[in-house]
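One chain, chain A, appears in both complexes that follow, with chain B as partner in the first and chain C in the second.
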Partner chain A sequence: MTFNIFVLPFSLGFIFLLLTIFFRYRKWIKALEKEDRIRFSRGLHSRKFFLSLKEILFESLLHRKMFRKNPLLGYMHMTFAFGWFLLIILGNLESRIYSGWWINPPYYPIFMKFFIHDKHVLPFEIFTVPGFFRFSMDLVLVVILSGLVLAIIKRRRSRWFGIQRTTRLQLTDKVAMTCLWLIFPLRFLAESFTSGAYGYGGGFVTQHFGNLLAILYPFSDKSIAYGFWWFYSLSLGIFFVTLPYSRYMHIPTELLLILFRNFGIKHVKSFSAYADVEVFSCSRCGVCIDVCQLATANSILNIQSVYFIQSIRDRDVRADITMKCLLCGRCTDTCPVGINTDSLRLIERRNFAINQLPVQDYIPVSIREKAEIIYFAGCMTHLTPGIIKSMITIFKTADVDFLFLDEEKTICCGRPLMITGQEDQAAKMIGMNNHLIKTSGAKLLVTSCPICYRIFREEYKLDIEVLHHSQYILQLIRKGKIPLQAYFRNVVYHDPCELGRGSGVYMEPREVLEKVADVRSIINEKNRSLCCGGSLGILNIDRHQRDAIIHETLKTLMSGNPEMIATACPLCKKTLSKHSSVMVRDIAEIVCQAIPGTKYNPVAQLTKVI
Partner chain B sequence: MKQFGYSINPDRQIDYDLTDKSLLSFIVSFEPSLLSCISCGTCTATCTAGHFTDFNIRRVHTLLRRGEITTLKKEIQKCMLCGKCQLACPAGVNLRNLIRSIHVAVEKFNV
Partner chain C sequence: MGKSVIIIGGGIAGMEAAARIAAMGKEVILLEKSDQLGGHLRKWDRLFPTRRKSDEVFEYLSNGLNDKVTIRLNIKINKIKKDDRHFFVILEDGESLKSDALLLTTGYDLFEAGKKEEYGYGIYDNVITSADLEAMFRNSAEIKTSGNQKPRRVGFVHCVGSRDEKAGHLYCSKVCCVTGVKQAIEIKEKQPDTEIFCFYMDLRMFDRYFEDLYYEAQQKWGIQFIRGRLSESCENPDHSILVKVEDTLTGRPLKMTVDLLVLLSGFVPSSDTNKLADMLGLLPGSDGFLTPVDEHFRTNETQVDGLFLAGTVKGPATIENTITDARSAAISIIKYLEK
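Entry: the complex of A and B
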């Protein structure tokens, strides 16, 4: 057995890291709910496990999502993750084949070039390539070093990578990052000096570089090399020890997160083991900062998901950070790890709930007449009566018998309460509305408000179909129940957050619009669409900050000089109308206008092609 | 004694020294937009809770300014934070946060 004292920092760090990961994993799996634990153990023996392995290969090692978003960043992350992975695999294979032992001490493959200087055995042929391992490991090392150069440039000049703002790192992050950066150059130097001193044993780069070093430092002998082996081992050791306390904990945690997610484990109302795994999976890459409109429009730079998640990890969750979020879902959509930041936010907001807040005992739950289809306009729609009038016209044109559930004495759906953390009070409202809906005996619920639509689908547990009016209008058009005649030029569609990213309804509103208008596409649409600025998810920003968001959103919407902005949310309509230079109309209004002979003309002034 | 058909009303003057302004100043520090209220009453006209009860945000504002905390505490229980008032407000008062701030303040001052 070969041993030298310099392997100790690495070995101790490595053992510490393995133990920490083991205990953390055990803690998380133990903390799972019983059903989730069954899901987990079943998942391990199913096809899902292999699908997860595939995902780990593509996402955690090759960083496919990163590549799609930013090829340069993708390459950088891939060199570190996949490159290091290859080095480990190749090194282990090489050392095992050379020594003939199945079990190696873990340091042996890593410091093999320090221990073995066997001229005749080392360049063994594999795949008819002489010195296969030496060659490939050198190649991988050079690729990693190229990634390292990119990483250093990225830290200094992030704008060159298309990143406007990066994360402010904590001290542990900085220590771990410095060690990580040092690992590969130190390995390169150690190997070069050693192979230079012995005159053989290196790969195509390290050997030549080593020979050069041997000429430059002929007096050095092997002592410089020995020093670099020490530094190499130390940097590995320190990195491993700081890893669990730094952002690099995301590396081992993400593997578990991928397994959990693929096995069907989800967020629950309270802070669960799954939520904790998500928190530790955050790599603090800061992608969520550049997409946050509070950052881009208002330069608020301390509340983004990366800092919020960090505050959960540090057990220092503060009300202002937790509450200051539009809940637009743009960061959740863009997160390369797939962390559901909105759900985490909602879970934490519950801790800041006000206990004595509303108990709406005064709401009368009256049993109304029966109907097949009920229409629930929602509070916001009552502030945009054009949408209600249009919907009634559409219902009447299609000859549909419907009941207008909240025509008078509107009841809130409960989502505004829920997203401020008032879960119990929201539950009360949900119960009341649920009773109302059930007693109507309806089979279909149509709503005009995406906020209501989302909570109806997610929280109400209704056994009837729930449709947003854009989906319902599309059904009516497909059945040929609404005759359409008019056609509008140059319309741009604004995706409401709650309907698009929140509920995944992107295509139906577009299909409806394409029947009556020439819809232009813009860069930030569908899942990339911006928030209108009216979000009910946030309480603590003022009017001017909201205005900044509205202007930013209007700027992207107006990029193609449209004649009209179409949307499918009363709140978006109302908010955007405030500053828009062109007409902002709901889909229902546009369709209503296109019906031949309609008496109600919500889009009258606009150029109409018949 | 001869009755003249009138009586002396009890003293109705407001004693400003007794008015509790601490709650108001605390809330204004949370939500300064309250100061731009023009008392137009749009919030009250559009209020969802106002359909069912006598809940009146203008009244909440008056109670807050007068420092009548006990009545205020009962009054704000009726709001459902739906946000219609905020959308309708012409002065841009951040009403949802105002109601929340009052709750936080009431909890903090423990009245």
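Entry: the complex of A and C
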């Protein structure tokens, strides 16, 4: 007997799920731009495919990133993902022994213990082939159940798992989650009751537990067991049917995302198939909530990436949620799925752009001078003339012939416009600046502002080298072009969002600073650094909310009682200065102060230890 | 034994309150952190709108301090404790002072102009604050630039650190407009060839005779008022200052070179006030200044029984208003002590 009516809920659900995934995959792949589709089919036949498989194993099944975040959390995710995966593989192999067919109906391995009762295998018979399978299937099942216990604990005590704030779930999520949680206990009970009723056929746990059940419920014969097989099948069936409409759609989607990413498919400016795949890959794990300073400093709990992405999925994108975000990149940095939440936000923001700012049309665009090196301070740096004065001192000390491109006529680099969705206006600025830079004939562009630096690199398509001043100063120091003397005690470095997470420049500013100061490290630094609170990407929070962020960030920075906060961004400098009890200086200023005999002394008040 | 009052802060409010309380026969201990009484008054030359010498006001205030007032200078406070009836002010050297009532007159600090970095204070030599200019007046020297030249053009920037969300202070500091106008006239009197420009958002000439001063500035002295907020300033190679202003009357951005730029720094709650408020459990208002229990009727009392406030600890005020407020505090304190 290899069929029973109870397998139907599972089988129908399974077919439904397979078809749904098939059609969704097809829709996404068809929606790719032509070049991306070529990338995709090429990718399938390249080494990248195997790299993707490896990534799937480590991330989607073993959940390596989750382990790094919190071992308990990692274990929980791994038991479900890898455990279930093993059950499928082992179950399929085991069922071959008994069926002898090449192809099984999918339900057969799942419900095998209902159909097969092998008396010849003892529960602890590990070293025969059927014994091995029976033993390991039981073992994996118990491990999954331990993960389930953790999952239940996590809903109440999320802090133990390194999570402060859990995600608010939707109804479909709750239904699917309940079914998922029921699947394995029901399987366990069905197998136990069955092997108990027969007196054989179970594994080392299910058999002994089943024997116990047989003593407790001697009258039941096999009817209780049969009931559990039904429930087991139903829970699987309902889970499969709700899956595409719940957070669990992330499981099949993430596989495609990994392929897309490894094959070189990227975000474009409008909402693409890639973006949609990212949206459906969000597992609503909520890891992005705890790192968001709007949550930690301001208890704003509806805008985080998890909710923003959900709003895209529900086709209910709202202006306030989309625009209320610092674009600090902390959530993108921490997302275990690797969703580029910042890019998604920028894409959606274009729909809500106010397009109010006047274009700086009145600025004449022309320069006559030519130079090898151009310096672009940026609008923000013009608000911190101390940085400009220091940079000029540094250029002069190193005897560099440079052209100060925006000395008088500043044209915005365009990024502040771009990140508030005003793409067209940004494009105008980019066009004007590009023209200026090209006509200067320069080979190197140095900027003091990480915001400019990022857009120069990402959007300008310049064919000359672009450096942030921290990188440029390091080059000059290495070439021995600027003599340095001063040594400052106990300085902490604040990584600007746009320079650090935004552009991946972490080491150069530190290396520069270490030449002239004793730099102390703190917990939240480099990719984990906090946002200064001055972000130009957010306009809909009030000054008290901004202040709360500044204070939170200053608190971490001040944890080691530094004498000075160093940073590499005019906006960070200005924002932190507002409430800082110690001096906040840009590394250019600190370097300038360290030049022996410098006439300009921006850090003069601080004790120098030479 | 007679009742006593400790007053923290020996500026205008502290001195006047001490004089009034002492005049009514109570013992007063007047604590001052610096080595002289008078606070900001001592740094000012002449006062608006009368142009009276600040030293005259100081003299008047000093004369009020009779032998019931014990003046303690160079004081650092470590802690303040209170039991049912008394306050104990514990100094840094461990000495404990006891009183029946406590009055806070810790005043204000001038906004650190360097925090508004785009204006270049501390970076460009020819950017100074109104306080720096006043020091020049006090020394009765000529007004000169860093290059020791008479400035041909001087700019005054209103609202530095006030009415500025980015600087964290939304309120108006009240007295800087008139101070600027007074100082502009004084430069003209000294050096009539100087051209003077004031960059303002709106002029707040709220008190008696202030408007007269403004008319005098325009009509008699030809001082030019340009409505617009300074966005930034840069230094020219000759160390003169290039200012960028959006002229909000014509709607055009405007650039101009001045030889000396004076920043009219506003009031901020003094750092000592913040520390003391912490010790005493007082919650500041949204602007950071301390708040009395009732803004209309109990303007000197606080939530803490026996603890009173007077003067600019409660926000920007003119000297005249500060003196009046100190007297009002004295009346409240006497009433409290005789209860």
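We take it that the second predicted complex is superposed on the first by the 590 of 610 C-alpha atoms of A that agree within 3 Å, B and C clash if a C-alpha of one lies under 4 Å from a C-alpha of the other, contacts with A are read in each partner's own complex, and residues count from 1 in each chain.
Convention: a residue touches a chain if its C-beta (ideal position, glycine included) is under 8 Å from a C-beta of that chain, and two chains touch if they have at least 3 such contacts.
Here the structure is a predicted model, which means the values were calculated and not measured.
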item	value
Simultaneous placement of chain C and chain B on chain A, clash or fit	clash
Touched chain A residues, chain B compared with chain C	B
Touched partner set for A:M429, first chain B, second chain C, both or neither	first
Which superposed partner A:C412 touches (first chain B, second chain C, both, neither)	first
Which superposed partner A:P385 touches (first chain B, second chain C, both, neither)	second
Touched partner set for A:V149, first chain B, second chain C, both or neither	neither
First, second, both or neither for A:L171, with chain B first and chain C second	neither
First (chain B), second (chain C), both or neither touched by A:S577	second
Partner chain(s) touched by A:R543 [first = chain B, second = chain C, both, neither]	both
Against chain C, colliding segment of chain B, chosen among 24-32, 42-50 or 60-68	42-50
Contact residues of chain A, present in both the chain B and the chain C interface	362, 382-383, 408, 543, 574
Residue ranges of chain C in contact with chain A within the complex	115, 117-118, 120, 122-124, 165-168, 170, 232-235, 253
Residue numbers on chain B that touch chain A, as the complex places them	32-33, 46, 48-49, 51-53, 77-84, 87-88, 92, 94, 96-97, 100, 103-104, 106-107
Residues of chain A defined as touching chain C within the complex	362, 382-386, 389, 407-408, 543, 547, 573-574, 577-579, 602
Chain B-touching residues of chain A, taken from the complex the two chains share	354-360, 362-364, 379-380, 382-383, 408-412, 416-417, 420, 422, 425, 429, 534, 536, 539-543, 571, 574-575
